[in-house]
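Presented sequentially are two complexes of chain A, the first with chain B as partner and the second with chain C.
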Partner chain A sequence: MNVVYVVTVGLAGLIAAILGGALPLASRVGAAVALTWLSCGAGIAAAVSVLSSGHVISLSTTAILPLTGVTLVLNPLGALFVISISVVALASTLYWLGYASHGLDTRSASSALPLFVTSMLLVPFAASVATFLVLWEMMALTSLVLVLTDQSRREAARSAAQWYAVMTHAGAAAILLALILLSAHSGGQTFADIEAHARHLSGAVRGTIFVLALLGFGSKAGAVPLHVWLPKAHAEAPGPASALMSGAMVNLGIYGIILVGNELLGGGPVWWWLLVSLLGVVSALYGALYAATSSDLKRLLAYSTTDNMGLVLIALGASGLFGAVGRPTTAAIAMVAALLLLINHSVFKGALFLAAGAVQAATGTRDLDRLGGLMRRMPVTGVVFFVGALSVAALPPFNGFVGEWLLFQGLLHGLPTSNTSVVISVAVAVAALALTGGLTVAAFVKATGIGFLGRARSIEAAEAHEAAITMRLGAAALATLCLVLGLVPMLVLPAIERAAASAGRVSATSATGGWISLHLLGLRGVLAPSLLAGGLAIAVLVVIVIRRLTHRRSHAWPAVNPVEPWGSGRKLQTARMQYTATSFAEPLQRVFDDVIRPSRDLDVSHFVESRYYIERIAYHTSNDDVLERHFYRPFIASVRWWGQRARRLQNGSVHRYLAFGFVALVIVLVVVA
Partner chain B sequence: MNGLTHVLTQVLVALFQVAAVAVGGPLLLGLMRKVRSRLEGRAGAPIHQPLLDLRKLFAKQRMRPRDSSWVFGAGPVVLVATVVAVTAVSPLVSASPPLGQSSDFFAVVFVLLLGSVLLALSALDTGTAFGGMGSSRSMTIGALCEPALLVAILAMAIAARTSNLPALVRVGISHPAVIASPARILALASFLVVILAESGRLPVDNPSTHLELTMIHEAMVLEYSGADLGLIILGESMRLVFLLGLFVNLFVPWGVADRPGVLFVGLGLLALVAKVCAVGATIAVFEVFTAKLRLFRLPELLAGGFVLALLGALTAVVR
Partner chain C sequence: MSFRFLYQTVVHPRKVVKDLGDAPTPQYTAATLHGSLQIRHVDAGSCNGCELEVTSAFAPVYDAERFGVRLVASPRHADALLVTGPVTKNMVEPLRKTLEAMPEPRLVISLGDCAHNCGIFNGAYGVEGSVSDVVNVDVHIAGCPPRPEVIVETLRGLTGR
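Then we have the complex of A and B:
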């Protein structure tokens, strides 16, 4: 029975892709969505059966890939990832039904999207090097097609796709090297063989493999400094695709790190995990800072993805550190925190990207400085974004808070310890976590406040219409899940603990307990999210009733009169007088000036008659990625320079090529002799 | 039956704490203003003036900017509700408050943050330059406060092996040496800086300014009127009392009711009032002699607070 699920995942996805490419316009998206749902449903069924029974599902055949065959095994860790991917995919494909008319109903897109979902669903199943790499590559290529959807209209999409293609393949090369090294040293290419032999490898080989895997998978997860593609590709991909990339695909980067680090290599020395934590700290701070200063809605969300993956890496690193210094309880809590943060991120970031896609579809822009007032024009999308923003800012009663609380507890109870490097890294991690949290709050107050509240800053925003019903449903489903997981995180915690326990040396099956309040077993830490939310709800009701009771009969009803706001004595105010995203972020940008080094351009033009009168002032500021500007661009330029030099060797003359051949032959002969 | 009386006592203690903070908040504002005016050579308004102001405000009509949405109305309500919710479960009068087991320091901080965020959003909802200005500045300050605050909590929590608030207060009663430890002192110093910044006192923000361009908090609430403005003033003052109450109980826990009984709760209230008034008056005196810092000098102050907290955390570990 379980094997049927696995086959259904693959087959339904494949048929969906074929139908999406073959059917006429009227029916192709509908058919593709229906079959993708079937694929996701089968994935969830398989994952639930694995998580509830604890038995792995395995399927092995040589009928598909020649020479190596296909090996699929689903363990509890993989099952957790399958569920998180399925949930985002179900909501995003529902949303796709309404979004299709915005340029996402072409044959290529309708074929690539189901294939993208299916390959993501199957990556956690892969249990041999060849299977894993094929599925990984399929995932990269199909998402690349999706990023290119709008390329005929937007030059930026083409450039984003180029960055994405290069970075993802560089990452894939690192992963390929790591996995090849692993299988070469262990004499087999299935993960079971590797796991059996990897423990006996020398420390240097294991270290090399881990670092390579960390680089490759870290680039997929958007870890700084390998993140440059992410804000471009996630921003340029159309609505449902960006939700899938940010809510589901980045998860697999983390999955890869856990797979190689914890499962295949079975944990490692302290320096591995210090490296992971460091990567996490840098990513979290860098992502949060750019999210706080960015004024493009989807770019902001993408940087926030980097930030959240940084938090997950911090938790993962902490788990490894505590494991390496003999603190199994806190190691387990940190691992559970990492997976909970990951699941939460999938849900709220999916909701946020779907809402942002709806805004882009309705107004044609992602520039916060041209939005505003959408809460009244698009109430459902507005509330979805509001809920997502509070979740990502880790505010109760939404889901982001529980994950961060668990991470704080894990870090707190890991101290004091005798290992100085652990102590320092934990203190630094908490400080980074806190600053990240503050910056994220600022970023999402800006995104919600400038984008959805106040007055419309452009005609497009003033005339926006609410999104199609399926788009609202898909986004609202994820937003509801944000609240549910915030109130009852215990719904997923048992599954997460089982997954964490299967992820190698961590014995996490009883890290937390309780239904109403979350107890950390063996430690003094209790959180009661539902009671907290209940108390808040009661307090809100009481305050509203009090406010209503003080309303005087002599005053007009409705109780609140709309009036012109205060303008320092000015009679009329225009939307242009409001703060924009750029001005909102200006103080923070100035505080962190040395880090992000924005380029500013002030252009004052005077009247010809007198230079004491100013005709117009143009102020331009751009905060493009500092790493891109100071590292990647010079690197690309130097590659290009060397490429130009190398072209001189080739002038098309046969004589010269013969000479090269002759010289090479002589050298070889000399060396051999 | 026993269970029922237990629940009833718990509810009563919670209501008592909320009522004490709700009345005490405006009175503390009045006290601090009185101290300031006396030091500045004025007679000043009576201490209960803020309560009279609130009564007047609640009788007035509410207005809202033409283009605002439901967020504008939600801001003041959520602000007050968050303070009420955390007041009910925190060790202010009693060291074992209702649901005390799950009253976590991190959770309290994040619930309060929810109130600030809603207020910042409603300021942006007004669609005016002042609202945006106040919102942007208060979010900047909030973002820079966060590291100091959370690391301060961490420093205190490492020593006590828990971040549970009642436990943090009780450990001070049972082991006074913990209070004198450098970790606790440094952490509380940093906590005080954060309290001043978060509740908009000098040197971060001038609560009695009348010039829009220098406002931070006042700019955010410029559009509120009537009951909404009353709720905001009430919520802000309750938050100040709540934070100061937490601060004094962590620093000088003696007097907090550590066992049930009307007498002990009464004593706890008296002790709390005395301690908070003392700290409030000290802050007021400090404010008379302090000028407001420039907005872009604030990061230095908050970074100072952060460094104190980090030192505290490190001493807690090295101990």
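Then we have the complex of A and C:
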């Protein structure tokens, strides 16, 4: 039965892709969505059976890939990822039904999207090097097609796709090298063979493999400094695709790191995990900072993805560190925190990207400085975004809170160890987490406050219409899940425990609890999210009741007394007098001026008649990614320069080419002799 | 200019405090204000004579802030609106909007003779009317311009300090 599920995942996805490419416009999206749902459903069924029984599903055939064959094994860790990807995919494809008319109903898109979902679902199944790489590459290529959807209308989409293609393939090359090194040293290409031999490799080889894998998978997860593609590609991809990329695909980057670091290599020395934590701290801070200063809604969300992946990497690094210094309980808590953060991120970032896609579909812009007042025009989308923002800001009773609480517990209780570098790095990570949390709140106060509250800053925003019913349903489903997971994290916690246990080193149980409260074993941490939410609700009720009782005579409460916004008494008030996203972020940008180095430009032009009268003032500011500006662009320029030099070698003269061949031959002969 | 005035302002400047004696009856009871009055000032078309005296009343010599009175930057923060000058046609709407922007309970103080009866601007083409033609006035401070002592005295009557 279990094998049937696995075959269904692949076959349904494949048929969905074929139908999406072959059927006429009227039916292609519907058919593709239906079959993708089938594929996701089979994936969930397989994953649930693995997680509940603890038995892995395995399937091996030589019929598909010649020479190597396909090996698929689903263990609990993979099953957890399959579930998180399926959930986002179910919501995103439902949303796609409504979004299709916004340029996502072409043959290429209708074919690429199911294939993208299926390849993501199958990556955690892959259990041999060849299978893994083929599926990984399929995932990269299909998502590249989706990023290119709007390329005929927007130049930016083309440039984003170029960045994405280069970065993802550079990452794939690093992964390829790591996996080939592994299989070459262990005499087999299935993960089972590798796992059996990897422990006996020398430290240097293991270290090289881990660093290569960390770079490759880190670039997929958007870890700084390999993140440059992410804010471009995630922003340019159409709504459902960006939700899938940010909510599901980045997870697989983390999956890869756990796969190589914990499962295949079976854990490593302290410096590996210090490197992971460092990557996490830098990503979290950098992502949060850019999210707080971006004024493009989807770019903000994309940077927030980098930020959240940073948190996951910190947790993962902490888990490895505690494992390496012999504190299995804390290691288990940190691993559970990493996986819980990942799952939560999938859900709330999926919801946020779907809501942002709805905003873009309704207004045609992602620029926060041109939005505003959407809560009234698009109430469902607005509420979904609001819930997502509360979750990402880690406020109870939403799911982000539980994950971050667990991470803080793990880090704070993990402090007393004898290893100085571990103690220092954990302390730094806690400080970085605190700053990140603050910056994230600023970013999402800005996104919600400027984008959805206030008054519309453009005609498009003022005339926006609520999204189609399927779009609202898809986004609202994920938002509801944010609340459910925030109130009852125990729904997923046993599954996460099992997955964390299967991820190699950590085997201790870390957290238990009934439906109400969550106890951390070995620590004195207790959290009861539903009681917390109940208390919050009761407190609000008590305040309302008291106000009603004491203010019965004079004022009804809550008093509704609409007044005009204060605009210095001007007769004509325009929406331009409100705070904009740029002005909201300006103080923060000023504080971090030395880090992000934004370019500012003030043009003042005077009237010809007198320079005492100003005709117009133009203020330009841009905060391009500082790493892109100071590292990637110079690098690209130098590559281009060398490319131009190299062209001189080719002048079309056959004689010269013959001379090259002759010289090369002589050199080879001399060297060989 | 009397010697005493020169002595008091230049040679030995001292804050002016008068015994209130019979204070004007406050419209706004001192109890509701709790000894603190936040004022938003609007110039509805004044010649700026009154502004000079208001500035003086809040400057170090008379220092009305000692008695719990402050000038604030936004009507959202204010208990009282202080209006000077006749209300010009262009200022009718902003004056109303400023009053609407203030939280209740609120108080309107008109300052100077022009605010009361338009003074020499009475009947001028740009003038709509006196302050009481536009908004309800609770307290009036007379004078052209009123002396700082008078301003401070009236405000003290309101704060009760």
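Please note the rule applied: the second predicted complex is superposed on the first by the 648 of 673 C-alpha atoms of A that agree within 3 Å, B and C clash if a C-alpha of one lies under 4 Å from a C-alpha of the other, contacts with A are read in each partner's own complex, and residues count from 1 in each chain.
The working rule: a contact is a pair of C-beta atoms (placed from the backbone, for glycine too) under 8 Å apart; a residue touches a chain by one contact, two chains touch by 3 or more.
This structure is a prediction, so every number in the text was calculated from the model and none was measured.
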Have a look at where A:Arg645 lands relative to chain B and chain C in the superposition and call it first, second, both or neither.
neither
Contacts of A:Trp405 with chain B and chain C, given as first, second, both or neither
first
Contact-wise, after the overlay, does A:Trp566 reach chain B, chain C, both or neither (first, second, both, neither)?
both
Spot which of chain B and chain C makes contact with more residues of chain A, would you?
B
Between chain B (first) and chain C (second), which does A:Gly525 come into contact with in this model arrangement: first, second, both, or neither?
first
May I ask you to decide whether A:Ser583 touches chain B, chain C, both, or neither, giving the answer as first, second, both or neither?
first
Quick one: classify A:Arg611 as touching chain B (first), chain C (second), both or neither.
neither
Under the contact definition given at the top, report the residues of chain A touching chain B in one complex and chain C in the other.
563-564, 566, 568
Which bits of chain A are touching chain B when the two form their complex?
292, 372-373, 375-376, 382, 386, 390, 393-396, 401, 404-405, 408-409, 411-413, 415-416, 423, 427, 430-431, 433-435, 437-439, 441-442, 445-446, 448-450, 452-455, 517, 523-528, 531-532, 535-536, 539-540, 542-544, 547, 550-552, 555-556, 559-568, 573, 575, 577-580, 583-588, 590-591
Chain A-touching residues of chain B, taken from the complex the two chains share:
58-59, 61-71, 73, 77-78, 80-82, 84-85, 88-89, 99, 101-102, 104, 106-107, 110-111, 113-114, 117, 120-133, 135-137, 139-140, 142-151, 154, 157-158, 161-164, 167, 212, 222-223, 227-228, 231, 295-296, 299, 306, 310, 313-314, 316-319
Where on chain C is chain A touching in the complex?
42, 74-76, 93-95, 97-98, 100-101
Residue numbers on chain A that touch chain C, as the complex places them:
563-564, 566, 568-571
